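Two complexes are shown next, each including chain A; its partner changes from chain B in the first to chain C in the second.
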Partner chain A sequence: MARMVRSRLYRSTLGAVIETRPGRLVLLTAVPMLWLVAMHIGPIYEMFKISLFAGYPVEAHAAAGLTLGSYAIFFRDSLYYQPLIRSFIFAFGATAFTLVVVYPVAYYVARIVRPEGRSKALLLLLVPFWAGEIIRTFSVIMLLANRGAINALLREIGLIDRPIPMLYTSFSLGFGLVYLISLYMLLPLYSAIEKIPSHLLDAAADLGAGPFTRFRRIILPLSRDGIVSGCSLVFLTCIGVFATPILLGGPSTVLFPETISVFFHGASDRWPVGAAFSLILLVSSLITVGIFMRLVGGRGTKV
Partner chain B sequence: MNRPINRRTSLQILGGGALAAPFIIRPKPGWAQSNTLNVTTYDKFLPQEFLDKFQKDTGIQVNVRLTDDQGKQYNLVSAEGGSPTTDIVTVAGHRLNQWLDSNLLAPVDTGKIGNWTKLNKAYQNATEIEGKLWGLPILIGFEGLAINTDYVKEADSWGVMFDPQYKGLTTYILNDFLSITMLYLGHDGDFVTYTGKPEVAQKAANEARDFLIKHKDMVRRYYDAGSEVQQMFINEDIHLGHSWSGPATKLIMDGLPIRLSVPKEGTYGFYYGLNVVNNAPNAENAYKLFNAVLETPEIGAAMTRQSGFNSTISGVGDLLDDREKQALDLPQDQAERITFFSSVNRDMKNEILDRAMAEVKAG
Partner chain C sequence: MRNMFSDAPRAALGACYWAFFLYLMVPLSLMMAMSFKDANFVAFPIGQWTFDWYVAVVQDKQFLDACLYSVLIAAATTAAATVLGVWIAMLIVSVGPRGQAVLFALACLPAVVPGMISAISLRIFVSEINLPTGTAAIILGHTVHGVPFVVVMALTRLRSMPANLVDAARDLGADSVVAFFRVTLPYLGPALFGGMIFCLLLSIDDFVRTFFLGGYRPTLPMLIFARVQGGMSPEINAMATLVLVVTVSVGLYAEFLTRRARTR
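And now, the complex of A and B:
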């Protein structure tokens, strides 16, 4: 190693870079930057490129005609922004509902369960997530189908004669989605609530604050970071979700990702339109999350 | 010679590994894949026992990539351009022209398929276009009306799909059912007669689109894959639906109370073929698989039992039992109502129906 370090080749290449502070900085940031470029920016750039083509794939030896026509299709036709609006409404609703459902669970694990039992409690909550998303989606189908567990139980105890159609409705989609994404809300909330110092709550109680006041004045404001992170994660997941609405949704719950997929999977070849719509979805959802983080996360929040 | 592994040798090994990595992880060129065969096909088309035997007999590793839609399959291979990662695709007969226009298929040399004559004579020229054969037809099917006989008694017309008593209990593949709805409303759902008449075609498609939007409350769910309609019938989430003949026939073979018919307004038929992709890295292996598929009628029978579609291979009918024959059998008057999808005017049809599909979903 010492010989290698002393070698001219090493000193004129790697050694020269490592010996300076900017050089070390470049080396340290190179790997994450490469990852970001290759795995995140690269595919988005490719999608952007395709969205500007008049047709795709571009024929060999032919010049690629560039156009904004694929973007214009979206703004010209109400047909396409209706599913986008539906997606946003659905994502907002699912995010709010997930927060309401998961917050008490996170609070229970973080504050009520004894410290030595918290890992076990968290583990119990995480076990279902070891199975893949599709498997969990099918478990929801088995639960809600006409011959599924819930209808079978209701029929068995004599409450119904005919099955209640629960599957392929807004209900089944919402139910399934909240179940599938609750983990993204649970972990940030748990992390934030667990960090709240107990002495603040004790002091508030000593000064006469009731449970609701303690929650409103201490717990809720101090768990704001968890709420912002959890809601952002859940919202971004909901807005882009594809497989779940197809498997659990019905004819009235078509979301924007499914509309986009028509352009990639349809009989005719319209990848540029699909790529343009994908970028419209990406940009609009990031702007929404940015605004949310500014509003709820406060001035200090970096977007 | 035992050489101790010290820090220097470790560094040398790591350095060597780093240098060799690009060569180890690079995509293998076609000539290096002589023992593999990549097949894109539908679920249940190629029986696993057949594939196991083929792999054992030939030493060729078969990698199956599943698809559930002709459009998806075309778009993926089309995006790969001149460097396909699959050797064989499963193209429906009426889609062949689309693939040929994009130069994505290689003609089939029947001289390399010793068992070619075991293919039923009626289908030996089915893939012929401009004097060349473009695939090996394997299975035949049609778009049928499937009903659960426990709940639906009479169904001689596609109109039953819009009967209010079955509200929320029907299902269909939206793109395919737009064609059927056009047929039901008295139009040409295959667009053959609309060549050069885009306005007439658009008007007819719009009528079908508006009809489906008006009756949207009738449908429980739009589906894509055959397994989805099977699952909905099994769970009794639907009582009737439009289905490719294969998935519905399979349910009948399995003993479910399902009946498949061709309503009086008629329907469309199709066949699936195995096709060699242009520039396929393992084209010779593809021919070996084609030959093996035709080797004995037992393979065709297994394909029929698994998929529910009729086989194109001679002698398969003799191997099926009574229940299987009954499930596959269609009364003569209904069989005569089937018109095979044409490859004429496909571009217009695809463009208009894709848009209509998006409109129905958004509507």
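And now, the complex of A and C:
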């Protein structure tokens, strides 16, 4: 490094640039700002632009006018708005269920496990986190299929004669979604609950508050940040899940991402509709998260 | 009597923890167990056991090619996302509080946008800049997804860095580039390494972006997805088990590293 800095080439190029204040500023700002604007906003902006086109790719002879026609298509057919409603129902259901199931687990690791054991207790739960969407979804099939583990077990102990069809139903999809997302709830809840100072709880106990009151008046309000960020994360992940409904759901459980994907197969002139639908999904889910943050966030919590 | 009252909730919570642990583990364990079934169909109970599916998998040209392709994409993604993420983090710590909030929100945007929408918007973007779908498009898409995680990891570490370290280097005659490479970057060290592995696994596990940005050459998740749709066979289980074991080991190692870095 030292030799490089002393070389003439370095001094006449990079060295010269960082000698001056504007030079340093450009070096620090140019690349990150370019990336942030072009790659973090660019795709969403392009999607918005395409959604207003009448056709894509734009034909030379076609009128260059912009239209809201693609958005109108959404409201015209229940084939389109039903899956969106279903996406929201599944995302709400999975988020609420995950919160209820994971909260006690997070509480246990954060407050009851001794501090030196916490990392280990958490790490044990993080193992499936690294398995990826497809493999985790695939493993749910092993459990729920007609010849899967649950049906085999039930038949073995003589409870059933023929398998209970569980796969390709709302149940398998819900199960798969919760299996996919539950860990995203764990970490925010854990770090929020762990931060609550225990002397607050001791003080409350000294003043005569029972376990339930302590939970309701101290633990729950003070872990609100974790609840808000965990629920938002889980909800947005659920909304954007594409492969899991295809593998675990059936014809009656088509979610909105699958509806969108149809417009990108083959006939490319349907892209504006797909873009418009994606924006409808993005805006409606962000508004939902925004409302949720407002409702639960309360005073003094920033997200 | 008192003891019983205070112990009951503890025991119940402990039961919750272990039930949750089982819930997470059972499907994956079943998937692994099925890879040893000595039959060409997937059904419980397993009965006869065999290693043959693993022999088949390691000779499967498509699988080996997909492994190579996934690793290649992940390596390129990680390199690009690390450089960009650290650069963005350096910018964020050097501006005022209001600018910081705006830039941080902007940097985190791709991590918040739901996967499907991110994939579609990237698909449109790639076509607008005339980049054909395939390797370059996938790497671009994965990099966009990975950058926020590197930014967050680098920022947490940068904020805990004593400002006088860089000042000392500058007093000793290092210019700002030298100070960055000799002082700041080594300080980021292990935390950054953890972020890089996170980015690597994010790319290897990604399905939806690859699905829309990819060409005909499948990555690992694409191959497994296509095989699952084509029909069940314990060979898929063997394939998934191999991928699972490797990614989980790498992921836990990264987790271990970042935890150690944080407690130091």
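Just so we're on the same page, the second predicted complex is superposed on the first by the 246 of 303 C-alpha atoms of A that agree within 3 Å, B and C clash if a C-alpha of one lies under 4 Å from a C-alpha of the other, contacts with A are read in each partner's own complex, and residues count from 1 in each chain.
Please note the rule applied: contacts are C-beta pairs under 8 Å (C-beta built on N, C-alpha and C of every residue); 3 or more make two chains touch, one makes a residue touch a chain.
Fair warning: this is a prediction, and the values are worked out from it, not measured in the lab.
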- Task: Mind working out whether A:124 is in touch with chain B, chain C, both or neither, as first, second, both or neither?
- Result: second
- Item | Which of chain B and chain C A:13 touches, first, second, both or neither | neither
- Message: After the superposition on A, what does A:35 contact: first (chain B), second (chain C), both or neither?
- Response: second
- Task: Look at A:213 in the shared chain and tell me whether it touches chain B only, chain C only, both, or neither; answer first, second, both or neither.
- Result: neither
- Task: Please work out whether A:252 is in contact with chain B alone, chain C alone, both, or neither, and reply first, second, both or neither.
- Result: first
- Message: Is A:135 touching anything from chain B or chain C once the two structures are fitted on A? First, second, both or neither.
- Response: second
- So, A:79: does it touch chain B (first), chain C (second), both, or neither? first
- Task: Kindly classify A:149 by the partners it touches after superposition: chain B alone (first), chain C alone (second), both, or neither?
- Result: second
- Message: In this superposition, which partner touches a larger number of chain A residues, chain B or chain C?
- Response: C
- Which residues of chain A are in contact with chain B in one complex and with chain C in the other? 1, 141, 145, 147-148, 246, 264, 271
- chain A contact footprint on chain B (complex, rising order): 7-8, 11, 69-72, 74-75, 78-79, 81-82, 168, 175, 216, 219-222, 224, 231, 234-237, 346-347, 349-351, 353-354, 357-359, 361-362
- Query: What part of chain A is in contact with chain B in the complex they form?
  - Reply: 1, 4, 56-57, 60, 79-80, 82-83, 141, 145-148, 163, 165, 167-168, 246, 249-252, 254, 258-259, 262, 264-271
- Task: Mind listing the chain A positions that touch chain C in their complex?
- Result: 1, 5, 14-15, 18-19, 24, 27-29, 31-33, 35-36, 39-44, 46-47, 50, 101-102, 104-105, 107-109, 112, 119, 121, 123-136, 138-143, 145, 147-149, 151-153, 156, 179, 182-183, 211, 236-237, 239-243, 246-247, 257, 260-261, 264, 271, 274-275, 278, 281-282, 285
- Contacts from chain C onto chain A in the complex sit at residues 9-10, 12-14, 16-17, 20-21, 23-28, 30-31, 34, 41-45, 84, 87-88, 90-91, 94, 103, 106-107, 109-110, 112-125, 128, 140, 143-144, 147, 175-178, 181-182, 201, 204-208, 211-212, 221, 224-225, 228-229, 232, 236-237, 240, 243-244, 247-248, 250-252, 255-256, 259
